[in-house]
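Two complexes follow with chain A in common, the first pairing it with chain B and the second with chain C.
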Partner chain A sequence: MATETSSVRSSSAIWRMLTSDRGAQWTARLLALGIWQVLSDRVVDRLPSPRETIEIMVLEYQNGDLITNILVSYRRVGTTLAIVLVLGILIGSAMGKWMPARYYFKDIVFILVSLPGFIWALLSVMWWGFSDKGPIVVGVLVATPILAINAYQGAQAVPANLRAMSRAYRVPLRREFRSLTLRSMSEYLFAGFRICVLAGFGGVLLTEWFGNSEGIGFRQHYWYDGNNFNGMLGWGIVEILTIVAIDRFLFDPLLRRLRAWRVGGEEWSG
Partner chain B sequence: MSVERNGRVRRGSHGVLHAGVYFRNGGVMAQLIARDVKKVFASSGSGRKPVVALNGVSFEASGHTFVSLVGPSGCGKSTFLNIVSGVESVTEGSVELSEKGGEATIGYVFQDPRLLPWKTVMENMLYVQPAHGREKGSREKQREHVRYFLDLVGLGRTESMFPGQLSGGMQQRVGIARALSIRPHVLLMDEPFSHLDAITARGLRTELQRLWDDTDATVLFVTHDVMEAVLLSDKVLLMNSSGSIYADMPIDLARPRTQTDQEVVSTQAEILAVFEQMQKESEQEPEEDRTKAQLGVEAS
Partner chain C sequence: MAATQRPVRARPRARRVVPAFYSLLGLLTLLGLWSATTYWIVFDPYILPPPWLVAQRMWELLGEGLVFSNFASSLGKTFLGWLFAFAIGIPLGLAMGRYRYAKAFLNDFVYLVSNVPAIFWAVMSILLFGINPLGAAFIVMIVVLPVVLLNIAAGVESVDRELLGMSRAFKVRRMLVVRSVVLPTILPFVLAGARVSFANSWKIEALTELFGGRRGVGYQIGQAFGRYSVVDTLAWMFFFVIFVVLFERIVLVRLERWLFRWRPMLSESSVVTVQG
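Let's look at the complex of A and B:
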């Protein structure tokens, strides 16, 4: 009797675990791995299996290439995104606030958005060769317009009545920009910056692929030239994991903090 | 005296909070002079006429005075407050606002509370404060200062709450505390109780009389409620729909006043009679004549 009760308890605990949010997350991950394995075994020729991919990345680690090249790309992407953040917000908010700035930047921003990163990557190799400058400039050129457009839309969404209140109280411009303008724009900036991370990363890696001797993009190209798809895919996974980690450990907590007032605001019911 | 030296509020014997000298501006009083103020808003589309919001408004107010601007919707009352606050500029004429020749501080209570929804009550109050010094403890002093005014309007316990967690009346009280906290020489109030229920509005009117009585501020109060104007004001300026002052009526009644005071009721009736006369004259005046007169003002 006691054994039956404990087995019922443990099976319901397993069921609860499987149907929990975390359970759903792990089920999706394991399923993706399973599909990858099946595709590599039976469907797609020359698709490395998860085991083969991990093996080659372990080799990359052992010969010192993994960490070195990751750090090089991270440094470039970090610099790129810092520049994008400043330029994108400045250009976008200027466009939202001042009509002349809107007309000045509008065409430039839309032309930059429509130009593929591929073109910039090739041009940067011609202009700057195998230097740090190329990947960073391409990343900035590809990602800045995206953030600028989002910042522009955000700047237009700043409540006019709060602006008037700030003016009436002679709130210093810097404080108004930080506490009102930037904060009203934050959801737009957030959405824009999320895409910027993808675009900036893509721009940097693409340029590394075409004309660089270091970085994740360079290693991918290296293995492509060596006709080794295990290495190519392995470095692709590094890129994906980085973007997922940024999203999970940086953007998610930040977004929760930004939206704390909304949650708080819903508590009042009277 | 009900105020401690460090600025914290102490309750009086009847549980009423007293501001006392804490937010008096050391006897320094502001002077507001409006001379022939005209404001024309340009039309936003082709074929639409410019809108004349104010048409030759002139008056003076200084020191501990409560002036109400009363008039029908669209007569330019709020525009006038926006001009005084610097949010809008005049088309013609001038508004001078000074205290001892320097710049007067202005507090503004709007129709809606206009609080930053993502900031807590305390942060909203700090948002409008002058920049605090760099010396140690100056930020904490500023928080203490702000707490004093939150206590004053009975919201001392809400400082870490977001505006969305407060009722409309509480938010409006934060708006009033915010305006008082900068120790204004001039306090502008644009129909601050119009969005509130009658009971809350009545309570806040009483509270406002008490708070203002402890300041040196000149109050410009916009309302279209004649009873409210009589209850609170030293002077009522009646504005007509062409954006001019139709009548300037002093209210010499003892304070504190209540809605049921016989004198308040009879003064209210007198002002309403003038108001009705003004409306009648306004209806008799052909629309075309009014527009011509206004555009003539613009052309001049």
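Let's look at the complex of A and C:
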């Protein structure tokens, strides 16, 4: 009787674990891995299996290509995002604060947002060839309007009474920007910057693919030219891991810190 | 009396004219900078053609009949992708909104798909489909699916519980409850989400054509790049912008207004997007 009760207890514990959120997530992950294996074995000849993908990336690591090219792309993305941060905040906060600036930049920003990054990437290759300038300029062109829109929305969220009080006390513009505008905008800037990382990284990768001799995008194109699908997918996995790592190890802790004073709230990214 | 009325009348006109003036000034500055660069910095129109040469080329392309056929081809593939996304996304989104397990199960998929660089999808399209129009449609489906899922799930979660309780109390048939209560709540979310994701799906579709297509806007841009023709690339780029703006502002917004003319519009903030 006691054995029966304990087996019922353990089976209900397993059932609870399987049907929990974590259980559902792990079931989905294992299922995705299984589907990938079956697709590569039975359905699509070109698609490399998980094992083949890992093998080629180990080879890339042993050749010294993995780390070198990753670092080149990261340096470019870092430079891009530093420029985007300055330009995006300046344009966006000007749009939020002054009516002429709002309408002056509105259409320009809208046009830039509508343009796909790959067209800029192709143009940059034709203009600057295989240089460092192309990936950085494309990243800036793709990501700046996104941050500007978010900064503009953030600047509009600045409490009007605090702004009026700053004027009444004749607070210098720089101090008002640092202590009031930037703080009120922080949530919007954070959300915008998160998208900017993805957009800027994408712009850099595209330019490296179409015309560069270094970087993640270049290496992926190298395997594309060699008709080697294992290498193409392997570097694609590097791209995904980069974004996931930035999100989990940089943005999530930052977001927790930013929202530490809030009670409750729910976020999607799991 | 007339003197007191004048400023009241003048103000709305000023409200329209002043923004239009600054907006025009912004665009003219852009065009001016571009023209000045071609004249004083770059010199060679082959490397950076002036705006009027690009406009002339756009006119020629329109005359050659290339523009409409290629945009129609790209639009067809985009719509096919959307169709697949809605066919799969509606039942899955309903499940996500209704069951916690389904939401947790699809969590990683939504997160990953919405955070993967576009180039990855272009590569996947070649891997899975080779040079095939289905590849572009498949990638559009993958990119649009998270938006559909999140918006349908948000729609289901926002269904009025009191109305559902009342339907149960009056023993209304389940299908009738879905048609009369659930669907009208969800549809505005779906359409608003679709409008938000349109520009993104269109960009991904064109990129996929650039990598492996035989027709479409992306293919034409790739051809222009192959010839190293900056003027052609810029001409297609402007067609791209014009098309996205017109389609979004005229077709999608009007469709949304017409479909939901009987109820207040959703505010931008209530639309669930996968980024930000």
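One rule holds in what follows: the second predicted complex is superposed on the first by the 221 of 270 C-alpha atoms of A that agree within 3 Å, B and C clash if a C-alpha of one lies under 4 Å from a C-alpha of the other, contacts with A are read in each partner's own complex, and residues count from 1 in each chain.
As a convention for this text, a contact is a pair of C-beta atoms (placed from the backbone, for glycine too) under 8 Å apart; a residue touches a chain by one contact, two chains touch by 3 or more.
It should be emphasised that the depicted structure is a prediction, and the values quoted were computed from it without experimental measurement.
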Contacts of A:Ser114 with chain B and chain C, given as first, second, both or neither: second
Touching partner for A:Arg75 - first (chain B), second (chain C), both, neither: neither
Touched partner set for A:Gln25, first chain B, second chain C, both or neither: second
Chain B versus chain C as contact partner of A:Asn150, first or second or both or neither: second
Touching partner for A:Leu198 - first (chain B), second (chain C), both, neither: second
Superposition-derived comparison: chain B or chain C, residues of chain A touched: C
Which superposed partner A:Lys97 touches (first chain B, second chain C, both, neither): neither
Chain B versus chain C as contact partner of A:Trp127, first or second or both or neither: second
Overlap of chain C and chain B interfaces on chain A (superposed complexes): 268, 270
Touching residues on chain B, where the partner in the complex is chain A: 82, 85-87, 106-108, 110, 112, 114, 116-119, 123, 127-128, 131, 161-167, 182, 188
Residue ranges of chain C in contact with chain A within the complex: 18-23, 25-27, 29-30, 47-48, 100-102, 104-112, 115-120, 123-124, 126-128, 130, 150, 199, 203, 206-207, 210, 218, 221, 224-225, 228, 230, 233-234, 236-237, 240-241, 244-245, 275-276
Chain B-facing residues of chain A, complex: 161-162, 164-172, 175, 179-180, 183, 258, 261-262, 264-268, 270
Residues of chain A that touch chain C when the two form their complex: 19-22, 24-25, 27-29, 32, 44, 46-47, 99-100, 102-108, 110-111, 113-119, 122-123, 125-127, 150, 191-192, 194-195, 198, 201-202, 205-206, 209-210, 217, 220, 224, 229, 232-233, 236, 239-240, 243-244, 247, 268-270
